């Protein structure tokens, strides 16, 4: 695994900006984590949906992998994110396909033609992704959707940035908040997506999309923070 | 229950001839026994057929009962048997309906207009019933059908008659032989009826029609032999 | 047992009432004795066609009553052949003076009850003939069994004989074409799960979670062998092999391919079966010129399917294409 | 899980290939991206109608492609909406210059993917409009849910809008009639057993041996309540009550009554349901003038049924009666 660390070894460190290599590592790591969590996400979705969320996410990210391999070396981070977006849109289907697709598309737009994502840009990227999902899916916080993972992540990222953190710590904060957000969907009644048909019976179950968001953001943080 | 005994009490006795009252008792007792054995016959038929033999026989005999109640007092045994025949034909369906229907029709024909069935007539009646079934169903002995109950019964009845037995003992002999005949179908491979599709897999299962025959002939004997 | 029924005793009657309510443009229903006839029966001068048998195989036979197919269907109790009375009544109801054909599936009960009914109807001066359908190749030798069973091929006989009667063929001709179809169609089925007869309340047989029954009958009677679950393509090959050998079907034949669902199998699976069957026929140089896919001869909610292959010629193809207007099969009007 | 399939990944592709082989007179199939079109698409000057959604509901939608109904169907993976690409391709394939209607069942995934597809197709100059079907009264308030689901009423929209397009109505008129049908049809369903999605291999939900789910969705989503098994008549009453109240249907209305099987329910049970539903409607002074009974919008092998009631008028009745020639619904040609 390539290393972005510019400081001393033996300590976890973050890069000052996230580059194409990080973007590629993120998506590859995300694909790996989603593949490993396919059954778990299916199970969450079986409890309160139709049991295919793991299937859908895995199909999409597996379709992305060969396309990453084929990219030219000089591809910019925004272009990688856009490729992820279009591939997810054309392979995931279901609710998650257009929602994650839009998220990556808006993220790509936020990065634009920059060759690196610094702390401020990172917050903008996460915010754009979340806003894209809201634009398409019209979910509000507390509706028991992936938004309940994304919004705490965006808020935590903004707070970390305001506190002067670098990209690695911002991602860590976002990942931690997303994970907590996913857990916090458990007591909720759903108002969007299939789970909304369950009424009270959705209580006690974690939203699968919130969980996949948490997994993806954790992957983003993991590949930014490296230990020698 | 009416009593046909002409001899001393305290001993099982048979009437010299079987009359209308016996015929009515037989069919009523048969209906009762078949109702009680409905699940058991269904189970036998489920093992090697389609699971409805108890249902079919019970439906038919239950349909007979109110018709018996409506009979004029002076009805002859042959007319009772004919009524049973036509009712079974029009209510049982399946293979058993036409076969038992024909048996009772031929039995009625053998009794004709007699007002009682003596020992010789009884053997003729049983023989006619069996022959009727063979005529319609073309089964041979050992084909694992009701014939494997009827033929031993007819043979035993003929032998008992030849040995000088009265109608009660003839019926007992027939019932015993039919019961044994039903048991003896167990090791057979079927060559007629639905069980024939099972091939070797029919081995070990008793034929439901042979069993219902044994039950009916036992009822015939039971209501002829009375204990004070 | 979970079923959308009221009293198991009333299943057939209530279904007939529902059928009548849903299809009053096509049929009338007699409730006592119970049978279903074309709304315009008897059609004067036309050969009448009556079929029937135990219920639980719907749409067979009631779903095939109507213009260009059956004149009447006589439903017995579930999986139990009807008695002669309703068969006689149905025969009378469809007698337009040109005689009546009984299409009978080869089961002892059906054969015997239709025989009795035919005797009674004949005694009343109706010219009744019977054709006994025995298309199931799973059952081998009538020396050792009650003979081959009548299964999904029955639908093809009913459609084609019905078209012949509708165009005005006489009784001899209708009997001849029914026999011709029966002689040229072969079927074999597979069960993945058993079915539950309402009055019994328990499965009619038991299959382990990984077992299937090759050569199943339409009442859950067993067939050739019980094997472990295999991919659909392998199962199709097991069914088609004996079918093709039996007639035999030859290179150059044109056929109708029927993939019939047993009741509980999703359509998507039936098309997967059809795909492989068409592929195998092609490999044998046999051309599928007509096809039918769906639930036509079912066993209640059994999961499984059967494949039927009918060797066509111009006459049969023309009769197959002729207009038909029934609850379950309809085209051309 | 026992299914007549090969690799679960190939279920949709192989079924499409089988569908193509069986119905070459009616449809053509594009395999990459996967969609099914009328054999004569695009019909110049005719409004094209495209529907689609997750597979597992067959015959919906592929079985309704053909003359007088859909121009194309886009099957997603089982129970998962298709992506925009095949929807766009199907939209292009049926565009005869008069615009294209997308008939979309109201599920987040379907709505979003069809939206994206419509944007892309519009960008290529095709006039695309969408009607979102939400006939399921089991789901109450779109303030608290993703809104009512599109279920079996979809078939009625597809038939009637298809007839309007076939007779030459323009896009506005076809959209209007589709919306009219959607506004006048109400549906509610019941599940007796769950179904098994092939790639999952396990039931999508669990019902105890004596439990049923009232208000089930067509992917096994729950509805109103889980109750103990009841007689069919009582279940029908539970389904019809909310349907009749909702529109509301009134004394004097003429309606189409659709009793739809979920896939694993024997036809005989569907007719028992139909019987009671017709009886209840009659008690309310509502006349059933058109009816449809069978498996039209299924959930794989789920046992259960849904009842749909559509308030007819002369226009809708005329369009319902118009000729249709598809794999699963056919009359008049």
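As written, the chains take the letters A, B, C and D, and residue 1 is the first residue of each chain.
As a convention for this text, contacts are C-beta pairs under 8 Å (C-beta built on N, C-alpha and C of every residue); 3 or more make two chains touch, one makes a residue touch a chain.
Fair warning: this is a prediction, and the values are worked out from it, not measured in the lab.
Using the touch definition from the top, how many steps at minimum link chain A to chain C?
Counted as steps through touching chains, the separation is 2.
Just give me the whole-number Å value for how far the CA centre of chain B lies from that of chain D.
The separation of the two C-alpha centroids amounts to 56 Å.
Please work out the Cα centroid separation of chain C and chain D, and write it as a whole number of Å.
Each chain reduced to its C-alpha mean, chain C and chain D end up 28 Å apart.
If you average the CA atoms of chain B and of chain C, how many Å lie between those two points?
The computed centroid separation for chain B versus chain C comes out at 34 Å.
Centre to centre, by mean C-alpha position, how many angstrom separate chain A and chain B?
78
By residue number and range, which residues of chain D touch two or more other chains?
Residues 78 of chain D touch two or more partner chains.
Indicate the residues of chain B shared as contacts by at least two other chains.
Residues: none.
Looking at which chains touch which, would you call it a line, ring, star, complete or other?
line
For this structure, enumerate the chain pairs that meet the touch criterion.
A-D, B-C, C-D
Going by the contact rule at the top, pick out the chain D residues touching chain C in the complex.
2-7, 11-12, 14-19, 21-23, 55-56, 58-59, 63, 78, 190, 192-193, 209-210, 212, 229, 231-233, 235, 257, 259, 263-276, 278, 288, 291-295, 298, 300-301, 303-305, 325, 327-328, 330-333
Quick one: which bits of chain D touch chain A in the complex? Just the residue numbers, please.
54, 76-85, 107-109, 112-113, 115-116, 138-139, 143-146, 149, 197, 199-200, 202, 204-205, 217, 219-223
In the complex formed with chain C, which residues of chain B make contact?
Residues in contact with chain C: 42, 46, 49-52, 55-56, 59, 89-99, 101, 136-137, 189-194, 196-199, 201.
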